[in-house]
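All remarks here apply to the structure that follows.
Every chain is named by a letter (A, B, C, D and E) in the order it is written, and numbering of its residues begins at 1.
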Amino acid sequence: MSPGSVHGPGAPAPPDEPRTPAWRLLATLGSGGALAGLLLVVVYQLTLPRIEAHKAEALQQAIEEVLHDPARFDTLYLNAGQLTRELPAGADPRALERVYLGYDDAETPVGFAITAAEPGFQDVIRLIFGFDPKTGALLGMKVLETKETPGLGDKIEKDSAFVSQFTGVAAPLQGVKKGAGKGKPGEVDLITGATISSRTVVRAINRALERWRPALAAYRERRP
Amino acid sequence: MTTPLQVAAAPHLKGEMTTPRIMWGAVGSLVPVVAAATWFFGPSALLVVGSSTLGAVTTERLLGPPGALGDGSAMITGMLLGLTLPAGIPLWMAFLGSVFGIALGKVIFGGLGFNVFNPALLGRAFLQASFPVAITTWPGRPESWAALRGDNFAFPFASPQPDVITEATPLGLRKFEGADTPLWDLVTGSTGGSLGETAGIVILLCGAYLAARNYLNWRTPVSLLATTAVLSGALHLLDAARYPPPLFMLFSGGLLLGAVFMATDPVTSPVTNRGRWIFGAGIAALVVVIRVWGGLPEGVMYAILLMNALVPFINRATQPRVFGTRLAQAAT
Amino acid sequence: MKKTTPAADFARGLWRENPVLIQMLGLCPTLAVTNTVANSIAMSLATLFVLVASSFLVSSVKRLVPNQVRISTYVLIIATFVTIADLSLEALVPTIHKALGAFVPLIVVNCIILGRQEAFASRNPVGRSVLDALGMGIGFTLTLLLMGGIREVLGNGSLLGFRLFGPRYEPWIIMILPPGGFLTLGFILLTYAWWRGRAAAAARTRELAARTRAPAAAAARAKAVS
Amino acid sequence: MIGRNGFRHGVHPPERKELTSAVPIRRMPFPDEVVLPVRQHTGKPARIIVRRGERVERGDTLALADGFISSPVHASASGTVADIDWWPHPDGTSALAIRIAVDRYSPQVPRPRLVPAWNGLAPAEVVRAVQEAGVVGLGGAAFPTHVKLAPPKDQPVELILVNGAECEPYLTTDHRIMVEYPQRVHFGIRIMMHALGVQRAVIGVEKNKPDAIERLRETKPADLDVSVLPLRVKYPQGAEKMLIRSVLGREVPSGKLPSSVGVVVQNAGSVACLAEVFETGLPLVERIVTVTGEGVRRPANLIVPVGTKVGDAIRYCGGLTEDAAEIVFGGPMMGISQATLDTPIVKGTTGVLVLTRAQVPSRRVYPCIHCGRCLDACPVFLNPALLGQLARKGRYREMEAAHLADCMLCASCSYVCPSNIPLAQLFQAAKVGLRRQKASAA
Amino acid sequence: MSELFWILLSAMVINNFTLTLFLGLCPFMGVSSRVATGLRMGAANIFVLVLTSISAWVLNTYVLADAPYLRLISFIVVIASLVQIVEMTIKKVSPTLFRELGIYLPLITTNCAILGLAIFQTSRGYGFLQGFAFALGAGLGLTLALVLMASIREQTELADVPAIARGTALVLIIAGSLSLAFMGFAGLLSAG
């Protein structure tokens, strides 16, 4: 905005104007604010179901993708180092970290879906991956959010050859240059030309697993 | 009295050095570098450098001020840009890079002398941002010297065919695979890399020649190389396994080419000598930071461009102290 | 203010006072979200909606609002409509909403909108204000489409997602990166200045020609008279 | 080089002094006409007191000093005032001048003493005598000598610095004077010491004049505290501030005169001239000038009457060569090229330099490439590159802030500029422009 | 600690607010013709950005948890009043500082970098310290871009820029080049 084209909110009124009583100013702003608030509440209520549905759908899609279509999944909250199925009393659900536990048709747990984030080449890469504590192997990986270079770094999301490697690979992962692997478990071929981005994915998963491992282990033990 | 008297302003004597001579001197000393590149990479090198030079010269001719070709600066831009590219890059990309560098990096500022960024590097940065894969694909050695590398003749605006064998640069090897290249290979140039990255010795000799003839100001490259050596040496002493030794830093990547031919571009480097020391050191520090902690294996191009942007600032900060002013200040 | 026709109110924003190209307003969305045509459309429609709705409302209530709290009220009105646009986009087209990210709420500080309220809607009748807002909004839209078009075609080889040049086209990725935004707008402005320069030169030539002809004609007339 | 015997920066143009450095000073016969501009010195022009047709003898006062910072003009030859009119002036403009048709058969013998004998004069009387004799600095700027001999009371002078650097290429006037008349130099120093009440003097001579250094040392009177200091050969060693820096290791503060560091600088030729005036009793009516350059057939050092037209001097030196192209008054670095052979040699003319066509090629100007060579050349540490760019855009005020006033137009920057940018010329124009801006603002 | 450092560095150079996210373009185009002005504008921005970050955190944590639809309105109102209060305070406390910064403060209200910061901070779920680092980095990045642009523009004033490029077009091309050069910082600290 060019300076001076608009007076600041507190710019003094031109002297030739009649003085407006303060109550009128407050009343105008107050009633305007109230009307705006009212309008927004209405719109919010109208759009909320669809927005929530979109979000839930996106989450469900991601979980289904990394846990390979589980029959259903539970949300587990991390509270004081423990994973709990129920929201602890009085806790703010937004403040708690969580993982998702998927079950197959026979109600057997198939694995956890865990989100992770690490700074990549351009900005933070956020992803979700499925992990089966029984085998110690990954079930799948899906990038949720990335601003990596189009055509290069965004291959972590779009290159199916890269993404499919995260199914069945043993943790912790080890990123290797394409074709330079020695056949060890846990090896993931990095993307040529997008080494940093693909390595960030590997690192994000490894770090998340490291962080979650005690809680996941503890949770398994308590189950019959 | 046969001739009418000429009237001219003082001085009536002139030093020998002229701007075209400086520029053409640089062009001349780039010839051995191009020759070395051709020796290492075969005729592809000549094609790539030729294409980028053609792009630069054509653009300068069409858009630049009349007669600007005579000063030789467009020629330098084209050759330098070519030398920063891999041998197998499609020729149309090399051409496009020069067009961009000259048009938006030089002509738009008013031509020679007014540009803020090194046009060759701006062209290179444009290519790197546009075609990150093609510009970091270093094709492997073909059977015979005369065979072309990569896909020089890709149709304009079309992608190159994926090359079967590729090489990695020493810096890439180190950054992404933790593999070291023997120093001897670096010095002799038997490594992968862009055209002007492997001829370290030739570049040093050409630089020494230019400095001896007073075509370039030696302070920038000396400051740049010394700071790189000191910084990387200190890091190397701290953790020899993690940080590469100074000689590796000096001889790998485009550091020498940048130090001798790009950081010394008078137009885009500081005008004061103190400024040149700072400029060189700043480039070196950025190179070390980008190479060691950055996401890219090589940072010379970005380091020089970033320092180019700082040049007006450095100039302002290193204004010479005018004769007789320190005393005046002391007196008051 | 000079009396203008409704057509002029509408047309002003399209070209002669184009908010982006001439007034250099609203650069942030113009550069930030134009890496695809789809994003450009979504952004410009949202802006158009906010602009028209705010202009309508501001123009309608202008007599009720004391001058001292004028700007605050406008901001309140704009922010309300932006929130509505934001929520609606999120509900209707979640993918595009995600792509636009924070730039939808940032419509609030798009100087075009507040600028039109202050410069036009607060002083003119409702109908003309809406026309003006429509013109400005469409001018903004056109610019964004131009930007988005250039950037998507060069940067991705596609238009609205459809590949234009076949699979062998090598995209200029820079065009969909931030530097590409600056460079594209810069290039558009260069082209515009070049075109205007040529037009001005042509006009000068015509004028000169007319001026040199006129005295000759006058002289001829004078001769004929005498 | 820091410390004694040098200053920082500067340039090394080819010296070319060998053309005349070994040629003894010779007296040129009187020409048919001499032209004496009323403005031959720094300060107010002299006031004319003769009329057309009047007869004048050599040494007669033609125009009186108009104020303290002014200097009179004397007839340099006996003859008749032929005309008083505008005439080409060596500075490139035209100026009011008195033309004297020289008596062909006049013996030109000086009449009895016009300048009082020096012995027994009080310092103030010396100053007056020097002014009345029309003595000015002969090194180029022609600053009235008597003004230098009467410095402000609050800045006591401790040292007389005799400038024998002669750093301009080609010129050998001072060189020959120091070789041929070293006693005069010493005598001049004695007079200055008396007038100023100073005990000590230093003569600075560039090392490329070893014979001058030797002769000055040989002839030094035992009772004078004078030392001869060899200086590095570098342009502009002869600039006052550079010379003081070289000899004393001190910088004259920006915007101040040498007297602020207790020094009076006088060029060697002027010192000798001072002595000569008191020796002969004749006012300043002739000077020694180097006529040189590849465009002159027989380069020489000549004694010429002040006001001799340059064409006459050149003709005496065998005339111009076929390829002569430019005639410069002064040295090649700061001299001014002349449009006509009728320009008179005045008191401040140190040399007449004729350059050939090959030496003055047409110079194509290229854009500034910020190579910084001018910064390395500027002896007063300015940033000529920046100043030049500001000058091109007419931003004089900013140039003033960047110390334009400290530029002494030595043209070292222009000399080294690879892009042939006429920096010194731009700065001179800027100085004029700035003065004008200020005048119109005031 | 390293996370905070990365947030700061990211907002400053890797994802520079102005050169990569296009926030704060108005001052970037308008107030970047003199280095001294640019520096002052930058300083004013850093100050307001940090204050905004703190107030956005307070709002998000204590006020807006249940009414996210009021976020935008609250932010814009709070920022406007904040700037107003700061302006008055500075005027009272230090008239010198007010002369230096005062005229830039009202301009900041309509600067999208400020609102952008609040929105980004919210959508990324930054806590107090993270928000602080983010605001500081963003402010430093803005200042850096502003000052670089100003010093380059001062230099191009001496250049023979072709008529068609004078003004905004040249500034945009320079900004594009700067943005291109800043790409060199990509991946910083994430390579390990």
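Operating definition for what follows: a contact is a pair of C-beta atoms (placed from the backbone, for glycine too) under 8 Å apart; a residue touches a chain by one contact, two chains touch by 3 or more.
Predicted model, so just to flag it, every value in this text is computed and none were measured.
Among the other chains, which touch subunit B and subunit C together?
Both subunit B and subunit C are touched by A, E, going by the contact rule given at the top.
Going only between touching chains, how few steps reach subunit D from subunit C?
2
Measuring between Cα centroids, what's the chain most distant from subunit E?
Comparing chain centres, D lies farthest from subunit E.
Which chain's centre, taken as the mean of its Cα atoms, is farthest from the centre of subunit A?
The most remote chain is D.
Please find which chain has its CA centre nearest to the centre of all protein CA atoms in view.
B
In angstrom, rounded to a whole number, how far apart do the mean CA points of subunit B and subunit D lie?
49
Centroid from C-alpha atoms only, then distance subunit A to subunit E, rounded to Å. What do you get?
One centre to the other, that is 27 Å.
Just how far, in Å, is the C-alpha centre of subunit B from the one of subunit A?
Result: the chain centres lie 43 Å from each other.
Need the CA-centroid distance for the pair subunit C / subunit E, whole Å please.
Between these chains, centre-to-centre, one finds 24 Å.
Counting only residues that touch at least two other chains, what does the list for subunit D look like?
367
I need the residues of subunit B touching at least two other chains; which ones are they?
If we look for residues of subunit B contacting two or more partner chains, we find 104, 108, 110-111, 113-114, 126, 129, 132, 175, 295.
Where in subunit C do residues touch at least two different other chains?
72, 75-76, 79-80, 83, 87, 111, 114, 171, 173-174, 177, 179-180, 183, 186, 190
Please list each pair of chains that are touching.
A-B, A-C, A-E, B-C, B-D, B-E, C-E, D-E
Looking at the complex, which residues from subunit B come into contact with subunit A?
Against subunit A, subunit B makes touches at 132-133, 136-137, 175-177, 295.
Where on subunit D is subunit B touching in the complex?
So the residues of subunit D touching subunit B come out as 11, 13-14, 92, 169, 241, 245, 250-256, 320, 322-328, 332-341, 353, 355, 357, 359-360, 363, 366-373, 375-376, 378-383, 385-386, 403, 406, 409, 411, 414-420, 422, 424-425.
Going by the contact rule at the top, pick out the subunit A residues touching subunit E in the complex.
Listed in rising order, the residues are 1-3, 6, 8-11, 33, 36-37, 40-41, 43-44, 92, 94, 118-124, 147, 149, 196, 199-200.
Contact residues on subunit A for subunit B in the complex?
Within the complex, subunit A touches subunit B at residues 121, 149, 151-152, 177, 180, 190, 193, 195-196.
Any idea which subunit D residues touch subunit E in the complex?
367, 389-390, 392-393
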